[in-house]
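We call the chains A, B and C, going by the order they appear; numbering starts again at 1 in every chain.
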Amino acid sequence: MMDLIDIQNLEIAFGGGQVRAVRGVSFSLGQEKLGIVGESGSGKSTVGRAIMKLLPPTAIVNAERMRFRDVDLLKATEKTMMTIRGRRIGLILQDPKYSLNPVMRIGEQIAETYRFHHPRTSRAKTWQQALDMLEAVQIRDPERVARLYPHEISGGMGQRAMIAMMLIAEPEVLIADEPTSALDVTVRLEILALLDELVLRRNLGLIFISHDLNLIRNFCDRVLIMYAGRVVEVLEARDLDKARHPYTQGLLASLPTIEDPPARLPILKRDPAWLEEFALEPAR
Amino acid sequence: MIKIDNLTVRFGPGQRPVVRDVSFAIEKGTAFGLVGESGCGKSTVLRALSGLNANYDGRIELHGETLNQQRSRPFFRRVQMVFQDPYGSLHPRKTIRSQLKEPLRNQGLDTNSVDMNAVLRSVGLDPALSYRFPHQLSGGQRQRVAIARALMLDPDVLLLDEPTSALDVSVQAEILNLLQDLRTNRGLTYLLVSHDLAVVSHMCSRVAIMEAGEIVEQVDVGALRKGAVEHPYSQRLLRASSLYGRA
Amino acid sequence: MTISSEHADSVNTGGLRNWLLAPEPRGWFQSSAQQIHQGWRKFSLHPLGLAGLAIIVVLIVVALAAPLLTSYDPIVQDMAGRLAPPSASHWLGTDNFGRDVFSRVIYGARTTLYIIMLVTVIVAPLGLLIGTVSGYFGGIVDEVLMRVTDIFLSFPGLVLALGFAAALGPGITNAIIAISLTAWPPIARLARAETLSLRKADYIAAVRLQGATSIAIITRHILPMCIPSVIVRVTLNMAGIIITAAGLGFLGLGAQPPWPEWGSMAASGREFMLDSPWVIAAPGIAIALVSLAFNLVGDALRDVLDPRGSE
């Protein structure tokens, strides 16, 4: 099976079926960087969480197929998911302030993750693993940083620590939900370069969820555009300029640019027909 | 219109200044951009100018008149602010209409003297939304209400603190267009604070770049667009932001 | 926009429902009615809260309609029929003075209601005022007000109430004052905590930038935000207030005999507990039931008014 993740016709509803957050989403993930772009309410984060089965128990999840390698995620029990979450599929969230434990030192949290997946390892070895991982995410002074608490480090370092924590279990897939949105522009580039290198070196599949179209077009290999719970277009990142769906075109047009701003930004007119159409695939 | 000389702000005596020796001037009717990353002090400059923070050293002039650190009531009829978070800048338990009347109430003006429907229409909102509460509006609609509220007292100057950072891209475009139109139609002066160089380049005629509490460079927007910046930080910022431009 | 597929029973209810669910309210009255309606719908998702509310409604109805519900006078004695067990003529039996226990419980509900209402009317505004002023101004005002609050907080409620009641003399009015003096500090603390976080909000900054005075900000902007959590807290504390009142009554410091009050009824029923348990059981169950009801309503109210994790 070439694909790491294969999803066919995913439907997710909340509130007893009243709110259809995800409607008929299908895609597959290989060893590539796949971007999922959408505005708020498009359902992109819900898809990410559905893969990890992290949705609230009141969510109604249906699909023709939702597989991770040979594991049927739909039928997987909680026990199975616990061997997958954090171990075979990692999740990086937006703000390290909220995803790192504030009362544990950075090094301890990473070491704890390692110990969780490799029990009965000596303290010294887990600490060394944590330090090695901090170095792999390009933190210059791992011994010092490992002893710091999350509130003592910057946002960029926090995200690197988060990535270290997720990668130490050596996952096969990484899901990143707005991992750089809370970071400054210059730091963002560094984190993206880091993710790029790690994905390449470790042969990972990466799902990058973001609202930032510009970021995704420059970073990812393939892009999924989501609107109101549906995928409206799928294309190669380098082909974004040739987007055919009016929503994608509208999104691209409404972005202000530094070099050449128009006098007025074109307004995106939402066509209710977009709620029902099928996705536009790249012409083969 | 606005002149700031050697503004320095410290949070507490003996602390390192968050804003250090900042000076710039804004011409009447223009939009001035203040750009920088988080922690550079740009919002602090805005708050000092608005009167929310009275503890500063240096001089702030409005239309040639030096301002006291404690602003007087009439000042607020000339300078108003639009905040970043549309979810936090409106009172959760008051109707839209009530919040729009609030500036009039606080200035001792007759709350019936203004046509509320016209006010809502001027920011692109349907007057039927008057009696809704903020949680019944979308982010873009809330920001429009915030802009309408800021304009109730007919100010000359609008201070804009990252007005579109919390909004979706398509909504951002609408709000930026609205702000452009309002400025041209009413002859307003803007001070726009943002971390997004593209937004600033779109809206402003002159830009100051801040790092660690200081202004490292001031340029006209034409120079910014051509990439003709000199300070190494400006170049880094521009390079990082440009990587998001059209391929 | 599609209309929800609810059956309109008649033109009237259909109209009311549409009015309450209209997306664009046309006036302040409609807008407020809609918010209350939304709140009620949320509240009615809690079966236990509804049960508690039902009990409280029964309490109010019973207290108001007392003369209609019983023909026995709660005060008139009948030594011949003392300590009679529950029967068809005396539903809950009679006490040691021959008075009908059922009537005394019902008239005692009036006393309980009276105490609850007065305490709330004193404690809520006082706590809100002190808390918001303290939290908004900070500095020396905050220090002074909070130290005063601390002093009142440092005494156990019942003991302090006892002390005040003993100093002021027995009687229901003094009991109410005594209870109020011990019940306000947590409200003040709560209001202060809310104010401390609210005052940093952008919408408060916006109002300051309109030239609003501090008083205007506190009364028109901060108070409305504190009221929901205060309502919840007062409701939850009600059980404690009822029990403190009963405790004072039990010790003879509340409503004075012969007027029925659940606490003093329980006290006088103590002696006969083994032979005539109904004398103490009836008021005891009444106290427990009403306290429970307030706790249940308070919990449900908290989900409706003060949801921290719902947005």
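We adopt the following convention: a residue touches a chain if its C-beta (ideal position, glycine included) is under 8 Å from a C-beta of that chain, and two chains touch if they have at least 3 such contacts.
No experiment lies behind these values; they were computed from the predicted model shown.
K.L.:
Could you tell me which pair, A-B or B-C, is linked by more C-beta pairs in contact?
P.N.:
Here the pair linked by more C-beta pairs in contact is A-B.
K.L.:
Counting only C-alpha atoms to place each centre, which chain is farthest from chain C?
P.N.:
Between chain C and the rest, the longest centre separation is with A.
K.L.:
Counting in whole Å, what is the centre-to-centre distance of chain B and chain C, each centre being its mean C-alpha position?
P.N.:
Once rounded, the distance between the two centres reads 46 Å.
K.L.:
Per the centroid of Cα atoms for each chain, what is the distance between chain A and chain B, given in Å?
P.N.:
Their C-alpha centroids are separated by 33 Å.
K.L.:
Give me the residues of chain A that touch two or more other chains.
P.N.:
none
K.L.:
Chain C: which residues touch two or more other chains?
P.N.:
Counting only residues that touch two or more other chains, chain C contributes none.
K.L.:
Would you pull the chain A residues touching chain B in the complex into a rising list?
P.N.:
The touching residues are 39-40, 155, 184-186, 188-189, 211-215, 217-218, 238, 240-241, 250-251, 254-261, 264-268.
K.L.:
Residues of chain C touching chain B in their complex?
P.N.:
My answer: residues 23-28, 30-31, 35, 201-203, 205-213, 216, 221, 224-225.
K.L.:
Which residues, counting only chain B, touch chain C once they are in their complex?
P.N.:
Answer in residue numbers: 50-52, 73, 76, 80-81, 83-85, 88-95, 97-98, 102-103, 106-107, 126, 128-129, 131-133, 136, 146, 149, 153.
K.L.:
For chain B, which residues are in contact with chain A within the complex?
P.N.:
37-38, 139, 168-170, 172-174, 176-177, 180, 195, 197-199, 201-202, 224-225, 227, 236-238, 240-247
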